[in-house]
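Lettered A, B, C, D, E and F in written order, each chain numbered from 1.
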């Protein structure tokens, strides 16, 4: 028992470490990526011992600076809530990772280690719960700042997140129906099957519509362009307008964390999670007959790598999108959510249900 | 009269689904991204250096060529003997819309020169770089061709150039020794030739 | 319509309101009494021949220092004043300022006829007010506020005549010739 | 930051200086012509992000450096002062362009003759408007100043400036 | 610590309150946008009364960048106003220069050489492109399309290189003079123009690809900020804003000045008068401006870029001054002075093509100033306070097509060396005065594109 | 009275009038270099060419008497061409000196070139070199290259000062203006040659290179150097303090007044204004320590109210304006007041310089504050013998008869000797000194109040001939310094004798109402040229000129 706990703690530590670093790395990627898109160079000056590392240390500088920046609580604001909001934001974004499986079972001796911090049967529900709770961070931030812009941002964020959560949830119902489970590891595992012997049974294949809806709605959850209305820098500046120093940094971090969460979720739900096509625990089985045996640790490693690469690709795509499109208007956003995504998602569920009922055996 | 009514985009159903145009947009941005990424990597290996990977001019290391007509920090020209060409006619002081030029003329011991500036200060904190002073100078005594750009300062006083710095653009404040024959007032700050001229400067890509 | 015709059509219609008129550098100018302004303006806008539908500009001039440039210490060596400089000779001279201290100047333009007309309304200092053109052109709203702000000329019938460029609490009207150029009334900071 | 923190070694202080110097979140208080050159500085050709300053924050709370870009009129001065007050420490002020440095040639009833009559200014970037190169030089001067402040262990006393009067 | 500045300025008595039947106090939110707000370009304040996200009532307050242009103009001489005009519409300073110069020229009653007209036209069209690029780019940025903004500024940078090449400054050019321009176009300008335009066109195509058919963008622009042509005329709106509403008024076509009547170009107009129309009109106008420049470069009469080597030889300016000082006029007569590089293109050889032949208005060429007493005297006479350009007493109004619409200068002279009154008719003032109506009833977020399409330039609005 | 038509305008002028004078009456300006209304006609510069109908050649307007029915065209193409040729000739050897020439800005070569010259130069030869920067005398520098040989200065030294120091030597293009060997141009009116020089050949040493003329502001005023009250223009610079070593007054130029000084001004008056910007009193002092106006006036008013009127003495000054003297007379009614002090008479001559170096002695006499001076030739305009003079008041003060003594500007030490001055200071309860500059009395006085110099206040002087002239206010006094009249008005207020008037104009109105000699005069009727007081024998020059 103690060992299990230790293993879980180590896992949690690894995930936390990886995710936070990834978020930091993310800022650098975003900076450099935008620079490349815009024919710029991007941050490249901060040296450590003479190494500039393509400007990677700028992120460190940002963090260090924000930690030592004066913390301001506006007059008339609710101190506790004001303090609490960013922590809530980061906390809920972080705990989400607990339920995401980033590899298959690792077998060391007779001990089987699930590469998932918390094996929760209804992991999807948990994730949604956590994502939804993230709203509190935002709305508290908006409310506690006693600033019209912040309130406006908070309201927008809340409405947006709640609205899109519905589409998000309904989109996933299709996935759940297809795989028949809410356990993410199980969902990933069932994506390892092949349709017709060659096409991996990934979510994107069986639930393409749900994928589009999910990505859209999930992006809206992350409050990034084109859905960055709550922050909309040139309109209302954002719900965190009154935050300074690291508290602001935390909101900032949350943004990146949520992007990673969403990328991980998309990977898990629609792109086979840690699955590598044609790789089964005992090795590769290609449809054209080749077979390459793979050791368990290597198989797990492949899985983790696969998960990471897919996740990173999605992060990259989300950012590419962020530097490409303009922002929605609030009512357009809402109508997209309620009039566009929601009915389509429902339709998707119905169609899936019908298909499952009539052709259930086939799939 | 040629009036051209602009064509408003009528979106097709397909385009109304957002995605196609978003992909098109991402195609454009990705093209930039990958092209620049490729070029950066190529530059790393010393290839394709003639194609710039970014529009950026990495300023302190890399200098954007200034156009030859560009009006940069002023300087006073010198005679062969090193004294200022300026005779203190004060046309530049007169024409300066910002009143940033301060000249105090006095009588020169040499009757051929007659008049010379004891003080010639330009307050860069006031100057609007209109170039009128150069245009009106009847002696070719003031020019705005130093190419000096690092004028930022920590105080107002440091933005004030005196006759030493104007005569010798390389000079930096505090001026230790006065190389002029006549005593002038010395204070702080100077400049260094930065920024190359058209044709002489390195191109951004190299 | 050429400038002369423009003037003619206004003058013939409003012989009482028009106190004088001239064409200078091909700009048609009609000097109108403050009383007649609104009627003339309405006519300009509504007359199909004139169709001056744009109120392009509305400003004012303070003529109180006209021709009294700052006295420079220029000395005439013969004891008789020599004008310090040439004046470019004008074959077709301008008749001069309209008489009162202020003149409110309106520039009209016809979008259909492509002609322009300037209306000058002399306003005495003692009763610096003219009728507002806001009922005819909404454009007059801000322009009149600006003239009020800068010159202190009131516009009767203006819905909301208040300062526009300067802040409340600014005393005086900066474009008047007797307002010193560097007289500051800072809201914060020293009187620099 | 405060020099009586005995445990804070000078190395740490230097590191802090390093961090602050390369992470400059600016508040662009853009009012006038200089804004065009500010844009040019921020965009592809000059790319102020190279110095770690490419992240404008439109909330003064999150900004480190107040870039006052363009003429400040008396009507605008209280707003500027207010924003400066709202910024979190440590903060710096850059006067961008001659209008902010000294008032330039708008010596009249409407304008403030130099923002240093209202705020403490750390770096003056003259020029009307300053070329982006000049701005980058100013930015580097600011970085030097930030580092300097931390190397010496405390914020250097600002240059002599006119007294700041309360409204 | 206090609240964010703009917010506290909302005074409570302005807050609209009304009590519903259920005795619940409903309060409209009063949002104070600006003057320091990213979308306000720094310098206007909009007090918006919000019902949720909808603007019920907007009040626009300007004047935050009032810097006394008109008062300052009365303090300086006629050419001294030039740097101030640069800073009116600082995104397209050359048009301001041109408008002011042409109004003073009208007042004096002189005309400038044709080539000078062409130079002015070319430069003002380049300025118009930079203005539209900035406007469209900034609007896009405020809508979140940051990349478009960077691309457009990149293109602007290429155009500014052209401007710098000709005028010696990137932005505040002070290039025109009463009676001409400062210098002739440099050699090889047409080639450079071609290159810069190629880059600009590339950017325009890319931006078009990123925006025009993107539904997010289209939805933001379509049907927002609508104004009818009649309303626009009532507010005195001109320029792209008016043309977006379908009224094809363009000073360049309708009251042609300089050489616009010799150049063939189209006036783009919109149909509905919404933000989309204005965006499209601006995009098209950039194309048209490039066309004008290309035609003008091809059509303009040639100027002497260099002195004929047979008649003139180059003498360094300093040497010329020194020789003239000792009275050796023979040694320098007919020579061409090599003055500082900033004076390139303004020598005796170029003089006939860039400036009116009127010694009482335009500074003599440097050769004359350095080399003979007559030139020196006229230089002094034109510069000394109270002696310079002295138009006859009179008043004129002269409109040009600014980037935002009709840019008129009303100049009154009392016959002294300083203008008696210079009134600038700022094109965006009219648009701003209509803004409250454009915003009313729109959503808070529509303020961004609508305000962006106004292209408010503080220097010109508040002067 | 021949009738002549000039440029289409008809005028009838006395016989012997030249065309240039006739044109001037019509307001038509004909260019001139050698012609000067105050000098004989030379007719050698030939720039004043005009076209006379029925005359084949162009004529010089300055030397052409009008004849009946003459028709003159001054602006025709022919005349302008002729002048242009003359100008081109004059400029052929002119050095390129505008940058270093003090005359540029008021140089008639520049003026006329821009007025009608505007030709392109055709001169491509070597210019003749002559001597530059020759010192002619204590005040005048000569640049021979710039000289156009108009001979105005030569004629001035011959006709006006009759000293004849200058002459034109050599011939052709070598001709040059010079001083006769061994001579020095040091007559008391020498600087007038600078004024009349139409170009930059003769310049003033004192203001040489100090300030460019186009920076100067000008204001009309009257010289306070002697009782002649010559009219002059004060040229000063306020907005560029780095120039002229921070002094405001740059130079003085005579102002044409046919009845007082014609076109001329003596050197003593011209250079006697250094005190205005040097050694000025800047703040109120109480026994050497800085104090305030409030404290000073309160103390003085209290002292005045507490002491008996007969124990109050005022040594006023003939440097004060009539308005101030009038106020003193009214406020110190019953006290011992005098504006006359025993001063040594200064130099005088038979032209402009008077021996009485106070500008307003006559005014003081008319107000009954000074007695007639023995041997006064200008005729008994006012002044009664029973007015005590300053000596008597000083004596009274010395012997302790006074509680309060107010001295206006005089240096008691200089007047009565150090010993007496110290005694006065000891024996008087309250010694007040008001004045402009530091002097020995400042050390002794209990209260020192700084007052404005005469250029800094408005008011009138009455000159020796009984002509009231307004001095005008040229510029504002320095901070902390107040005009005497405003000090006196406030004192009147504080000592319970408020007056109706609040500015010099109204004070003068009160004065005019109270004094018969001034009856009917107002600031408007005085104008810039002054007006004689009733009963004066003020000289009226025959050669009346239309004033510019």
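One rule holds for everything that comes next: a residue touches a chain if its C-beta (ideal position, glycine included) is under 8 Å from a C-beta of that chain, and two chains touch if they have at least 3 such contacts.
This is a predicted model, so every value here is computed, not measured.
Note on connectivity: the fewest chain-to-chain touch steps from chain C to chain F number 1. The chain pair with more C-beta contacts between its two chains, of A-D and C-D, is A-D. Taking the mean of each chain's C-alpha atoms, the chain closest to the overall C-alpha centroid is E. For chain A, the chain with the farthest CA centroid is F.
Note on chain placement: the centre of chain A and the centre of chain E lie 48 Å apart, centres being C-alpha means.
For this pair, chain D with chain F, the centres built from the Cα atoms lie 55 Å apart.
Centre-to-centre separation of chain E and chain F, using mean CA positions: 52 Å. Shared interface positions of chain C, i.e. residues touching 2 or more other chains, are given as 70, 72, 74, 84-86, 165-167, 174, 179, 181. Multi-chain contact residues, meaning those touching two or more other chains, occur in chain F at positions 96, 98-99, 105, 111, 114, 212, 214-215. Multi-chain contact residues of chain A, defined as those touching 2 or more other chains: 35, 37-41, 72, 233-234, 237, 241-242, 323-325. In summary, the structure contains touching chain pairs A-B, A-D, A-E, B-D, B-E, B-F, C-D, C-E, C-F, D-E, E-F. Of all residues in chain A, those touching chain E in their complex are 34, 37-40, 72-76, 146-149, 151-152, 156, 225-226, 228-229, 232-237, 241-242, 323-332. Every residue of chain A that touches chain B in the complex is listed here, in rising order: 33, 35-41, 212, 320-321, 323-325.
Against chain A, the residues of chain B that register as touching in their complex are 19, 22, 25-26, 28-30, 32-33, 36-37, 40, 54-56, 58. Residues of chain E that touch chain D in their complex: 1-2, 4-6, 35-38, 41-43, 63-68, 71-72, 83-84, 86-87, 90-91, 134, 149-151, 153-154, 156-157, 160, 170-172, 458-459, 462. Chain C meets chain D in the complex at residues 165-167, 174, 179-190, 192.
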